[in-house]
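Each of the next two complexes has chain A plus one other chain: chain B in the first, chain C in the second.
Then we have the complex of A and B:
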């Protein structure tokens, strides 16, 4: 395996090609904020939180979908990046109806933690207050579109790991929604296997199991990668 | 058996010429899942819109998840899940047509048929829509009635043409 060197925040790092910037940074304890990245499933670069500066390229590139190249000079901690992270976080909150105090994921929500991390103290954008539905037709789980951030982690887990492809995304722009089958109630889905992987993949309180009271939700997004790795093992 | 399953399991009537057309196209594309958009085009042209049982039939034939088919249909503006009406009246509201009185035509349509752009009459006979520009600025104001372009037209002529199409006074 060939080894290449890259520079991240002034630090020289030795790594292998065809790894993403995110993988290299995570392996070297350099923090990069992410929302749509979930270890074990494909990266889509949807959340735009992992944007990094690369010398010689004017625009910011997403660390999760950009492969490292020899002698790449990367910065993850500039004021410009922090500004964009803050904007993105605020837009997440302004886009749907996120009310932490009544959410099952309160205290254990990745979006909430992100807000703390970027130091969000107010939201400069007007809230959209879209009219979103809550679907509790499934016997065990609930999906609340008010709390969805369209990271599509559930969609990818359902397609790639479970292979059921119950979820997908409909419409465009502010009208986008995660849908089950023909935009029919989750409980009537013919493709859903009720495996519960989407529940653990969801970073917020948008998908949760019914037997949970407010603030008691314990999600384990790590089990997705654990499962993927274990399937690769030869017995 | 639940409602979702019923939608997915109902077979389309095999004697329907539209179904024959659709099935021929699916066969021509060798049931390839990546020919979804081409097949949706055929279905939309045959039916005028995409009813759910047709989408279910396509999903089943191409071995695609229903949600994937639905997401493709809702992503592209060309595809419609609701009937656009037996006859369509598309009023161009581009700059040239607007200046030449496209709004007057729309007002007259609303007065005569009580239909606003995007709406379909209760008997499904007439659907009214607007377009940003149909590329016929030299013919402003332009109206497209059932794929027939009416150039340099005026409110009264449009109403008359619609009546002749729908067969009503």
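Then we have the complex of A and C:
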């Protein structure tokens, strides 16, 4: 097995090639903020929170979709990166309705946690207040597009792990929405198996079970990777 | 050190932030050692005098609030946005997703609980709601913010004691930050 050396925040790390910067950093206890990354499914680099500086490259690149290479010099903790993380977080909050106090995920929300981590005390951008639907047609679950940050974790988990591909993405810009089948009510879906993986994959209060009341939502995004790993086992 | 003048004001909010302010409990005595509370919604309705620090709860929802916050800014050396409504409109701002007339009609006329007998309040003394609710920072310069719905009593006390002791509060830390 070949080993390469990379440098992260001035520290030399030995790693295997073919891994992403995010994987290597997480394995070495170097914190990188993410929202769209979910262990067990493909990375898409959607949320732009895991941006890192790489020496010799002018652009910031997403750690989740960039593979390590020998002698790469990476920085994850510069003021420039922190500035962008804060901007990205504020834009998440300003884009749709993220009023924590009336959200089912209050206190258990990855977006709320992210706000605390980047030290967001207020939002510098005007709120967009878009008209978003809430679909409660499914027997057990609700999708509230007001809380959605378009991380597409639900889309990927439904496609890659459950193999149902009930979820997909429609439109662009502020009109972008996660849709069920060909944009029909979730309860009428012919592909949804009601497995609930999207509920656990969702980092915010966008997808939640009807049986839950405010503040009692318990999501286990870790079960997705557990499932993927167990399937690889040859028993 | 000279005693400071402290005021607290309640705009478009639910008074929860003021309840949380009262939750600093006996520590209010420490505040009282350093400052005189010259105006507060639970005390009296006098016009705001010149003050050192004003804590403002709630968003700007009406002509009256706008006038009030502009006056507060003029009178205060330090203006602190207290709570999620003042900082980012929060629940108060959720009517921005709808037309103002639809909101008023639903509340006063067409709601089932009105039994079809609801009337729109028309007194000239009632304030006029603005089309959109805005956070304080959109109309005045805000010096410090305390997010939270309601903000944590410990955080309120921390900010108050820092300001009263001429220090600058720093909330950029997970333990002090809180929304919802």
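The rule is simple: the second predicted complex is superposed on the first by the 235 of 235 C-alpha atoms of A that agree within 3 Å, B and C clash if a C-alpha of one lies under 4 Å from a C-alpha of the other, contacts with A are read in each partner's own complex, and residues count from 1 in each chain.
To be clear about the criterion, contacts are C-beta pairs under 8 Å (C-beta built on N, C-alpha and C of every residue); 3 or more make two chains touch, one makes a residue touch a chain.
Given the structure is predicted, the values throughout are model-derived calculations rather than measurements.
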Chain B and chain C placed together on chain A: clash or fit? fit
### Message
With both complexes superposed on chain A, which partner does A:76 reach: first (chain B), second (chain C), both or neither?
### Response
neither
Q: Please work out whether A:190 is in contact with chain B alone, chain C alone, both, or neither, and reply first, second, both or neither.
A: first
Exercise. Could you tell me if A:107 is touching chain B, chain C, both of them or neither one (first, second, both, neither)?
Key: second
* Tell me which partner A:166 touches in the superposition: chain B (first), chain C (second), both or neither. => first
Ask   = Given the touch rule stated above, what does A:180 touch, chain B (first), chain C (second), both, or neither?
value = first
Practice item. Tell me which partner A:85 touches in the superposition: chain B (first), chain C (second), both or neither. Key: neither
In the overlay, chain B and chain C get no closer at Cα level (Å) than 24
Chain A residues where the chain B and chain C footprints coincide none
Chain C residues touching chain A in their complex are 81, 84, 87-91, 93-94, 96-97, 135, 137-138, 142, 145, 147, 149, 171-174, 177-180
Chain B residues touching chain A in their complex are 2-5, 7-8, 52, 55-56, 65-71, 74-75
Listed in rising order, the residues of chain A that touch chain B in the complex are 159, 164-172, 179-185, 187-191
Listed in rising order, the residues of chain A that touch chain C in the complex are 93, 97, 99-103, 106-107, 112, 115-117, 119-123, 126-127, 129, 131
